[in-house]
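Multiple structures are listed underneath, in C-alpha cells.
Across the two complexes that follow, subunit A remains constant while its partner is subunit B and subsequently subunit C.
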Partner chain A sequence: MTAATHGERRHPARAALLVLADGRFPAGGHAHSGGAEAAVKAGRITGAADLEEFCRGRLATTGLVAAALAAAAAAGVDPRALDDAADARTPSPALRATSRRLGRQLTRAARAVWPSPALEELAASRPRGAHHSVVLGLTAAAAGLDPLDAAHAAAHESVSGPATAVVRLLSLDPFHATAVLARLAPQTDRVARRAEEHALAARTGGTSALPAASAPLLDLFAEDHAAWPVRLFAS
Partner chain B sequence: MHLDHAEGFPQRHTYSAPLRTRPDGRRRALRIGLGGPVGSGKTATVAALCRALRGELSIAVVTNDIYTREDAEFLLRNAVLPAERITAVETGACPHTAIRDDISANLEAVEDLEEAVGPLDLVLVESGGDNLTATFSKGLVDAQVFVIDVAGGDKVPRKGGPGVSTADLLVVNKTDLAPMVGADLGVMARDAAAQRGTLPVAFTSLTAPDGIAPVTAWVREQLAAWTAVPV
Partner chain C sequence: MTAPPAVRGVRAAARIAAVPDGRGGTALPLLAGDGPLALRRTRSAPGWARVTVVGAMCAPLGGDRLALDAEVAAGARLLVGSAAATVALPGADGARATYDTNLTVGRNAELHWEPEPLIAAAGSDLAVTTRIRLTAGARLVLREIQVLGRAGEAPGHLTSRLTATLDGQPLLEQELALGPGEPGWDGPAVLGGRRAVGQLLLVAPEFIDAPPNVTRLSADRGDGVALVTPLAGPAVLVTALAADGLTVRHLLDRARPPLPGAA
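Then we have the complex of A and B:
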C-alpha cells in the first residue's frame, strides 16, 4: 500500500463532513434554537458564560444520544430500529415532533445532495419523517463518511444550533458565541468518540447498547415553548 | 457505496419548483411568492387576492412570519380562506433565509397543503417583512411579487435592490396615501422602469373597490401560462 492510498483510507471524505456540518446546509436547522429560546426567557441564559454551561449540558445528554444514533445509522444498524430507539429516548412529544420534522427536511435535502437507496428506503417507510439523528447518520454514510464523522456532525449540531440562536435572541457578540463552541470542541470530540463506541456495540448488541442520557429541563422547556403564541424559533 | 442515482434528476426527490408535477404525476399548483418591506401591505395583498380569486380557483397560503403566527392569524380573522388552507412557517428570526437560502420548511408546507386540501391551483407564499434584498429561491416559487408602498418614500424604486429590480411583478401599494406623504407616483413609475426594464409594475390602493385588480390580472396571466404547458 502506498502512502497516498493509506492516507485516502484514513480520511476518505473529510470535505463532505464540512459540507454536512455547515450551519448553512439547507435542512431547516436555522429556525430552531435547541431549547435556547425558552432558556433565555427563563433567565437561564443571559450571556456567553451561561450559553457555555447550557451547551455543555446539552452536549453531554441529548447531544450524546443524537451522536450515538447518528453513528449507529452510519454503521449500518437498522434505521427503523434506531428510529424507535430515538422515540424511546425523547420523552417530550414536542421534541419528538420537532426531531421528525427536521428529519424530514434533512431527508429532502440529502436525497438531492447525496442520493442513496438507504435514504429512499427510510423516506418510504417513514413518510412523515424519521428522527433527525437517524437521517443524519444515513446522510453521512451516503456522503461517504464513517460513523465517527456522523457522530461529530450530530454532536457539533447539538451545540452550534443554540449558540447561533442566542446570537439572535440576546444580540450576543458573535465572536463570544463562537468562542464558546471552540472551548467546547475537545468535549465535542470526546462525545463523538463515545458515541462511536456505543454505535459499534449496537451493531451486535442492538439498540439497547445506545446511551439514554436525558435532560429533563430541556424536555420541560420544549413543552412550554411549543405552547407559546409568540416566539422567534420553531423549537 | 451506492452512488448509482447520482446521474439522475435531484429535483424528483425534492419536488421543488423546477418540477411541474406532484408525486402522483398530476400538475402541481402554481407557486407565487410575495415579498417586501415590513408594513408595505403584503398580507393585505394576499387577503385581497384570495377574496378576488377564491370563487374560481383552489387556493392555499403559506406565511413566513418573524413572530410566527401574526400574518396567518390576520388571514384567519378576516376569513379570506378556511383555516386548513393557511399554514405558518416559523423562520427563526431570519425570514429571508426561509424563502431563499434554506427553503426546506416552506417546501414541506406547500406539499403538506397540496396533500391535505389539494388539488390546488395556486399557492401564495408570503415572506415575513424584510429588506430590499430579500428574494425567493427559484426552487420554492415559480414567480415572485415584490410589494412596496408610497409611504416608505418615493425613492425606494430608485434605490433598486434585487426585490425591486428583479421581481416578476413590482407592486407599489397605498397610492391613496401619495398626496399625504408627498410621494410622486410619476417619479416612482419612472425610476421603477429604469430599474426593471420591461418587467411590469402595478400601482394599487387596496382601500378602493377592487383595488387589487391589476395584481389579480397579472396572477391570471401567470396561471394561464402555467396551465398552458403540458405536464
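Then we have the complex of A and C:
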C-alpha cells in the first residue's frame, strides 16, 4: 500500500467506530455470552486462562467469519447474498436464530442512530431479521466507516461479549478479563485485516471467497444453552 | 553449474462418472485412477454402482497435489468408499500437500461418499478441499473423519474446507483449521483437547418440510459427543468430536438420521 492511500486511511470517522463498538451501544449485545455461559457450565471456562483460549478460538473462527461478512457488507457486496452466506456458515439453528435476533435489534438501533436505505432494503427482504454481521457491516457503512472498521467492530465484539459475560458468570476480576482482551488485541487486528482482504476478494469472487472457519464446540454449546429452561444470558 | 531440480510432489487426478445404464442400474463410463489413487469397481446392491478408492502408494506426502472428481448424472446412484485410512505424512521439504475432491450430483441422483478416516501424522501439512455441487432433487450422504496424529503422536496440521451448493446457492460452507499454529484450535471453543472430528452431511429434498430435531449424543464409552443440526436448506449436518477416530465413527453411525426417500 502506498503512503498516500495509507494516509487516506486516517479514519475521519474514527469516533463513529468507538460509538458502534462500545459495549453500551443499545443493540442488545450485552445480553449474550457468545457461548461462554454454556462453556462455564460445562467446566471448560474456569478462569482467565481458559477464557483467553476460548476467546482465541472464537476470534479465529466465528469472529473471522463475522468480521469478513461485516467487511463485505460495508464494501458493497450484495447484503442478501451475504445473508445466505451467513446461513451456510452457521449449521446450528440456535446460532442462526440468535444472529437474526441480534441483527433485528441492531437494525432498530441503527435506524435511529445512522439511518440508511441499504439497511431498510435488507430489513424489508428479511422480515425475521438479517444476520447480525451483515447488519453490522451496513451500519458501519452508514456511519461513514470503511470495511476494515466494520471488520474491527465484529472481531472485537466476538471476544468482548464472552469476556464481559465471564466476569458475571464466574465473578472473574474485571481487570483480568480486560487483560485477556488486551492480550488478544494483536490477533484481533490480524483477524480484521484478513477479513478485509476476504471482503475485497468477495466483491469480484462472490461470497465463496469469504472464510468459513468453524468451531464445533461453539455449535454444541449454543444448542445446549438454547435447551436450558433457566439461564443468565440469552445465548 | 545447474542446481538439481527441486523435489516435486506427486500430481494425480482421478475421475469417476456414473450414469443410469437404462436398465435400472448404474454404469461407470469413466473410472480413471491416477498415481496413488487407484479405483476399483466393487460389488453393490441392485441399482447402484460402488467404487473403492485403493491407496496404491503412501499418500499424500508433503508437496503432493491430489484430486478426485466424481460426477453422478441425473438418476444414477453411486457409492464411494476407500480401502484404508489415508495418512498425511510430512514431505522432504515441509511443503503443504493438497487433496481436492469435486463432487457433482444431478437431479434424482444419489451419492454416498464415505471414505475411511484421514489421519494427519505429526509434522504433516495438508489442505483438504471438498466441493459439492448439487442439483435440486439430488441426494447425498457425505462422511468425513479427521484424526490429528496417529496413536500417541503429536498432531499434524490440517485444514479442511467443505463447500456444498444446491442449484448454485450456498448450502454449507465450513472450514476446520486444526493443529500447530492455528489459534485456539485445541481450546474450549473448537476441539477442547479432542483429537478426532467427524462430519456427516445429508441432503434430501424431503428435509425442507421434515427436518430432524436438533439432537445431542454422548459416546457410550470414553469422551465424545455428537450433534445433529438441520441446516437452513434441505440438509442435515452431524458433527462428532472424540478422543479417537473410532469413537467419532460410532457416534456418527448412532446419530445418523435416515435419508428420507432413499432407495
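Everything below uses one rule, namely that the second predicted complex is superposed on the first by the 226 of 235 C-alpha atoms of A that agree within 3 Å, B and C clash if a C-alpha of one lies under 4 Å from a C-alpha of the other, contacts with A are read in each partner's own complex, and residues count from 1 in each chain.
In this section, a contact is a pair of C-beta atoms (placed from the backbone, for glycine too) under 8 Å apart; a residue touches a chain by one contact, two chains touch by 3 or more.
From a predicted model like this one, the values you see are computed outputs, not experimental measurements.
In the superposed pair of complexes, A:P26 makes contact with subunit B only, with no contact to subunit C.
In the superposition on chain A, contact of A:R111 is made with subunit B only, not with subunit C. In the overlay built on the shared chain, the residue A:P91 is in contact with subunit C alone; subunit B does not reach it.
Residue contacts after overlaying the shared chain place A:T139 against neither subunit B nor subunit C. Looking at the shared chain after the overlay, A:Q187 reaches subunit C, while subunit B stays out of its contact range.
Looking at the shared chain after the overlay, A:P211 reaches subunit C, while subunit B stays out of its contact range. By the touch criterion stated above, A:R168 is placed in contact with subunit B alone, subunit C being left untouched.
Of the two partner chains placed by the overlay, neither subunit B nor subunit C lies in contact with A:S99. Put simply, subunit A uses no single residue to touch subunit B in one complex and subunit C in the other.
Taken in their complex, subunit A has these residues touching subunit C: 35, 39, 44-45, 50, 53-61, 84-85, 87-94, 96, 187, 207-208, 210-220, 223-224.
Contact residues on subunit C toward subunit A in their complex (touch as defined above): 161, 163, 169-177, 182-192, 197, 214, 216, 225, 227, 229-233, 237, 239, 241. Subunit A makes touch with subunit B in their complex at residues 24, 26-33, 101, 104-106, 108-109, 111-113, 115-118, 142, 144, 165, 168-169, 229-234. Across the interface of their complex, subunit A is touched by residues 1-3, 5-6, 8, 10-11, 13-14, 66-70, 89-94, 97-98, 101-105, 107-108 of subunit B.
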